[in-house]
Amino acid sequence: MTASLLAATGVTKHFGGFYALEKVDFEVRAGERVGLIGPNGSGKSTLVNCITGTLSSDEGTILFEGHDLAGLPAHRRIRRGIARSFQLPRPFAAMSVLDNLRIPLLYAAHTHGGKWRSEEQAGDEAMDILRQMGLDAKADEKSGGLTQVDLRKLELARAMAARPKLLISDEAMAGLSSNEIDEIITILLGMKERGIAVVMIEHIMRAVVHFSERVAVLVAGRKIADGKPDEVMRNPEVEKAYLGE
Amino acid sequence: MEVTADLLVNALISGILLAGFYAAVSVGIGIAFGMLDVVNIAHPAFIVLGAYVAYIAHEMLGADPIVTAFVLSPAFFVLGLVIYRIYYYAFERHGQESLRSLAFFFGILFITEVVLILSFGVDYRLVNTSYSSTTWRVGFVDFPLRLVVPFAVSLAMTLGLHFYFTRTFFGRSVLAVAQDPLALQLMGVNPRRVKELAFALSIATAGVAGAFLIVIQPVQPALGRVFIGLVFAITVLGGLGSITGTMVGAAILGIAESFTATFFGPSWSPAVSFGLLLAALAFKPTGLLGR
Amino acid sequence: MTRKHPRLAAGLHSAVQLATGLLLAAGLASAHAADPLKIGFGMSMTGPLAGNGKAALLAMEIWRDDVNAKGGLLGRKVEFVTYDDQTNPSTVPGIYNKLLDIDKVDIIMSGYGTNVIAPAIPIAMQRKMVLMSLFGTDVNAKFKYDGYFQIMPNGADPSLGLVNGFFEIAAAMKPKAQTVALVGADAEYPHAALEGARRSVKNHKMKIVYDKTYPPNTTDCAPIIRAIQATNPDVVFVASYPPDSACIVRAANEVGLKTKQFGGPMIGLGYAALKTQLGPLLNGMTSWELYVPEPTIKFPFIKEFLAKYQPRAATEKLDPLGFYLPPYAYAQMQIVGEAIQKVGSLDQGKIAKYIHANKFSTVVGDVSFAKNGEWAVGRPLYVQYRGIVGNDLEQWKQPGKAVVVWPASLKSGEHRYPYDQNRK
Amino acid sequence: MKARWFTPIVFTVTLLVVALALATVTNNYFYTAAYIVLQFIILATAWNILGGLTGYVNFGSAAFFSLGAYSSVVMFSLFKAPVPLAIPVSAAVAGLVGLGAGYLTLRLRGVFFAIATLAMSEVLYTFVVNWDYVGGARGAYIILQDDPPFGFSNHTQYLFTVMALMTAFAIAVARYVETSRLGRGLAAIRDDEVAAECSGVPTLRLKLISTTVSGALMGMSGSTFPYFMQYVEPTSSFSLSYSVNAIAMPLIGGMHSWAGPLIGAILLGTIQQIVQVTVSSAWNLLIVGVLLVVFVTLAPDGIMGWFDHWRARRRRS
C-alpha cells in the first residue's frame, strides 16, 4: 500500500439546517483510481467543492500529502496538485482553446512542475496536452463555440495542464454518446501512466465499474460504502439506495 | 437637537409619504432590473418625460397630472414595447451583454434628455393642482396633500402590481422568466413575449411616477440623473425580484432621509442613504428580502 | 442654436484648424478698422442654470442690437462669439482659450455664476484682459485681479452686502429679533450667502439657533422646516437655488412655519416661473430682489429695456418678466461699451482704469466700482410679497405686490410681521 | 512589437509629439483642448483595466478622478505642493480607495458591483461637500502665482506636457497588464471567476491589483485638474459625465486591448471638444447618446473589433 495522497476525515458541511455532508471520511492513495457515486443531491459535488476549496467545510480535516488544507483558497490547492473538472463545463469562453490551457500552466503548474514557464513554453506544453486529448485541431478556436464532448475534453485538458497529482473528474460523461464515453474513459485511464490519481464522479455504472479500483458511495451526505467495485455493488444498502430510486 | 414626540411622529409621517413617491419612482426598475435583469438606467429619463407630458396636458387642458398619467399610460406602454424590441434584437438574443446594454440605456437617457431640452427648453417646470397647497392637520401631524395624493395613488399602484405579479398566471410567469426561461417555454409561454410585456409595464409606471414628480417638485430635463442612484439603491436595498422588496427599500430610504434631515442635518442624507446601500451590499448582497 | 448664432461654419472651420494643427501666432492678424468688434463669452445654455443663462444672453443680444443700431463701437459693428459652458466649470478653460486664440475676440465677458467665473479669471489674468462678470459672489477675493468687475449689486463686501438688509430688517422689528435660523443648499452661492449671514448675525448681536445645509435636489423639505421650527427662531434665513427655493417655500406653508421673518436671498423667486407657480404661497415672505416695479424704483430706461425684452423672451420661452438677471446683463454691456467708446481703443489696461475711475448710468441705475471690482456701494433690495392671488403672471407687473422694505431710501412700504400672520 | 520595446517607444513618441507641439503651436486653445482629451484617454484606459480586462464595471470613475483632484487640493492647501509631488500622492490615495473597492468584489459581481461603486461615489461626494478644509460646496481655489517650472512659457503648456507623459505612462501600464501573465489571469477572471480560481489564478489578489491600478491611474488623471482649472468644486468634479465617458470610450474603441480605450477616447473626446465650440451642447449630448446606441448595437466589439475582423479576413484570403 502506498501512502495516502488525500485524506479527508469527518468532513461536514451544512447550508442553514440542511446537512449536505455529515462526517464523511474519504481517502485517495497516490496513483489510485477511485469512483465516487451516489444519487443526485447526495453531496458528491459538495465534497469535491470542499476538497478543492471552492467551499470551505464546517468541520473535519482534509490532508493532502500530509499537509492540512484548512484555510487554503482554491488556487493554492490546485498549486499543491488537486485539479478538477466541472460538471457543467466552465471554459474561459472568450479565449482560444490553447489559451484556456495556458492559464493553469502559467498559474498552477509552476509550483510543483519546478519552474515558471514562459508564454512560449506554456504554449508548447498546452499543444502537447491538446494532442493527447485529440483537441489539437481546435487549438485556435474560441472555446465558447465548442461541442459538448469537446468542452468535456477541454475541462479535463485544462485540469491536466495544472500538472496535478490528483484529478477529480465531476461527471465528465453526462449526456455523451457511448463512443464519446469510451473516449473519455480512455483519457482518464491514461492518467495512471503519469502517476495521477483520479477520482471519478459518475452516474454511469458501467463506466465506474470498468474504471475504478475502489468505489465510495455517498447517500444523503453520508458515506455508506467504500471498497472494491464488485463488493460495493453487492452491498445491500447501496442496492437499496440505487434500486429504490 | 431635542427629540420631541412632535418631531418624531412628523419625521416618520414625512418619511412614509416620501417613501410612497420613491416606491412609484423605483417600481419600474424593480420590474425591469429586479425581475427581468434589464439594466434600464434610462428609467428616470422616462419619468421626467412623463412629468413633461403631464405638464403639457395641465397647461393646455388644465388636466390633473395624475389623471393624465393614467390616461396616457398606454402610450408609455407602447414606448416600452418599442424599446424592448430594440433591446431584444440588439442584446438579449445574444445572451450575456449587461455592459453593452448599460451603455445602450445611457444613450437612450441622453437622447431623451436632448429631446426634452429641444422641445421644452431648460427651465424648471412645476404644476399646481387643486390640492397642491392644502395641508390636513391631525393633532400636531401634517399631511400635505401634495405628498399624500401621490402617496395614496402610488400605494394603490404598487400594491396592485404586487398582487398582479403574485396572483396571476402572467405575473408568475414574469417571476419565473428570469430564473428558468426554458421551463416556461415548455409550459407554452413565450419568454420573450412575457419580458416584453413586463418591460412595457415598467415604462408605463414611469409615466405615472413622472406625474407625481411634477406635482411634488419643479422639473427640468436633466433631473432624471439625480434619481439614477436612488432608484437602484432602493431596488437593491429591498431585494430583487419582488415588488414588496422595492416597497421596503423605498420605505427605508424615505424614512432614513426624513430622520437624517430632521435630527442630524439634511446635508448628510445622501451619505446615509448610500451608506445604507453599501452596508447592505457588503453584508447581504441579495437585499433585505432577496431571493 | 445655429438659428441664432451662425457659429456652425466658424466652429467647423476652427475644428479643422485644430485637427490639422494649423496654428496662427497670436496677434498676427491685427484688426482692420472695418472689421467687426468681437465680444466673446461662454454662457449656460444647458445644465441646471441654463434658464438664467439664456435670459442673460437675450438681454446682451438686445444691447448688441441697440449699439449696432447707433453705429457700433469705435465705428465697428459689434459681434458676439458665444459658446455653451453647460453650467460646467471644466468647459471654461477650453472656451476662453478658443475665444482668445482662435476666434481672436477683442473683449471677453463671463458666463453666469461663480462656478464658471472662477476658472475664467486665471485666463483673463494671464492674457491681461478685462473681465466683466455676471453674478459671481466675491470670486475676486482670492485672485485680487484689477481687471475684474462684477455686476451683481451687493457692494464691496459682497457676501455681507447680499444679506445685510435682511438682518437690518430683523433688527428693526419691535421687539428686536434675537434668534436666527440659517439654512441653505449645498452649492457655491448659498454657502457664500450663509457665510455672509453668519457675519451679519454677529454684527447685529443676534444668536444662531440653527445652521445647516441640505442637498440641492431634496424632494421634501418639510423635515428641514420642522427641525427649524423646533428651535423656535425669530428669523428664518434661507439661501437657495431655484428648485429648492420652491421646495422650502412649499414646506414652510405646509408645516405652517411660525416665525417673525422668513425669506432671504432665494434665487428663483425673482423669476416669473416660480413667482407664478408658487403664487400666494409667497405672501408674507421677505425676499431679495434686484428689480421690482415699485414707484420708488426709478432706474432710467429700465421700462424701455423691459419693453424690448419681454416680448422676445415670451417667444423664446425665457423668463417673461426679466426682473432678475436680464437688466444687469444689459447693464454690464453698457458699462463695457461706454468704457471702450470713451477710451477710444481696445487697450485693456486703459479700459480697466476707466471703469475703476468712473460712474456709469445704466438701466439698473448709477454704478461705480470698488477696488475689488464689486459695486462700490451695494444696492440689493429686500421686498415683502403681499396680496398675491392665484397664479396669474400679470399681477407681478403691478406695484404693491413686492413691496420694497429695505433699503430705507427706496422703501415703498413697511415691513409687516410676524410672518405667519401675514401669510394669507 | 516586442514587449520590452513598447514602453520606450510610447514615451519617445510622446516626447517627440510634445516637443513638436511646443515648438510649433503657440495658441493655448490647442493645449487646453488636448489636455482634456488626454485626461479622458487616461480615464478610459484606467477604466478598461478593471472593466475591459477584468470584467468589473466601475460606475464611479468620477469619484476616483475627484479623489485625485481633491488630494491635490489638500496638498496645495497644506504646503503649496508642486505638480510633480501632487501626482504620486493623488494616485496613491485613489489607489488605496481602489484597493478598498477591490474587497467589494469578494461579494459583488456584475451590476451589483457597478451599483456599489455608484453608491461609493455618492458617499464620497457628500463628504467633500461637507468638508470645509477643501472648500466644501463652495469649491477650492489653487492660485498659481509663480511662473511654471522648467522654462515653460505658461501653466497650460506645462500641464499639457505633464498630462501627455502621464498618458504615455498609463498606456504603458495598460499594455503591460494586458500582455503579461497578470493580464491572462485577469482575462480568466473576466470569463469565469470560479474556473479561474480552480485553475490556480489567485483571483482576489489579481482583482485587488486591478482595482488598485485602475483607481490609481484615475486619481492620477484628476491630480492636475485643480492646477489646470485653478478652481474645483464638487458638483462638476463628481459629474456623471466622467463616469459615463470612462465607460463609453472603451466601449466604442473596443475593450479587449489597450488600443481600444485610446482610440475611443481620442474619437469621442475630440468630437466632444469640437462640438462644444460649434453647435450647442444639447447636440453634444445627443451625439454621445447616438454614438453609444449605434456602437453597442451595431459594433459590439468597438472599433478595434472591426479592425480585428478586417485583419482576420485578410489573413484568411
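We call the chains A, B, C and D, going by the order they appear; numbering starts again at 1 in every chain.
Please note the rule applied: contacts are C-beta pairs under 8 Å (C-beta built on N, C-alpha and C of every residue); 3 or more make two chains touch, one makes a residue touch a chain.
These figures come from a predicted structure and were not determined experimentally.
K.L.:
Contact counts by the stated rule: is the higher one at A-D or B-D?
P.N.:
B-D
K.L.:
Using the average of all C-alpha atoms in each chain as its centre, how far is it in Å between chain A and chain D?
P.N.:
43
K.L.:
Using the average of all C-alpha atoms in each chain as its centre, how far is it in Å between chain A and chain B?
P.N.:
48
K.L.:
Roughly how many whole angstrom separate the Cα centroids of chain B and chain D?
P.N.:
Those two chain centres are 32 Å apart.
K.L.:
Express in whole angstrom the distance between the two chain centres, defined as the mean CA positions of chain B and chain C.
P.N.:
36
K.L.:
Where in chain C do residues touch two or more other chains at once?
P.N.:
45-46, 186, 213, 215
K.L.:
At least two partner chains per residue is the criterion; list those residues in chain B.
P.N.:
117, 267, 270
K.L.:
For chain D, jot down the residues that touch at least 2 other chains.
P.N.:
126, 129-130, 282-283, 285
K.L.:
Using the touch rule from the top of the page, what pairs of chains touch, sorted by label?
P.N.:
Here the touching pairs of chains are A-D, B-C, B-D, C-D.
K.L.:
Would you tell me which residues of chain D are touching chain A in their complex?
P.N.:
181, 184-185, 187-188, 190-192, 194-204, 256
K.L.:
Which residues of chain C touch chain D in the complex?
P.N.:
Interface residues on chain C, with respect to chain D: 1-2, 7-8, 10-12, 14-15, 18-19, 21, 23-26, 45-46, 83-84, 86, 88-95, 97-98, 100-102, 114-115, 118-119, 121-122, 126, 142-143, 185-188, 190-192, 213, 215.
K.L.:
For chain A, which residues are in contact with chain D within the complex?
P.N.:
Its residues touching chain D are 52-54, 73-76, 78-79, 83-84, 86, 90-95, 99, 102-104, 106-109, 158, 162.
K.L.:
Would you mind writing out the residues of chain B in touch with chain D in their complex?
P.N.:
Chain B residues touching chain D: 33, 39, 86, 90-91, 94, 97-104, 106-111, 113-114, 117-118, 225, 228-229, 232-233, 236, 267-268, 270-271, 273-275, 277-278, 281-282, 285.
K.L.:
Spell out the part of chain D that touches chain C in their complex, as residue ranges.
P.N.:
21, 24-33, 36, 126, 129-130, 136-139, 141, 143-144, 154-156, 225, 228-233, 235-237, 239, 241, 270, 273-274, 276-285
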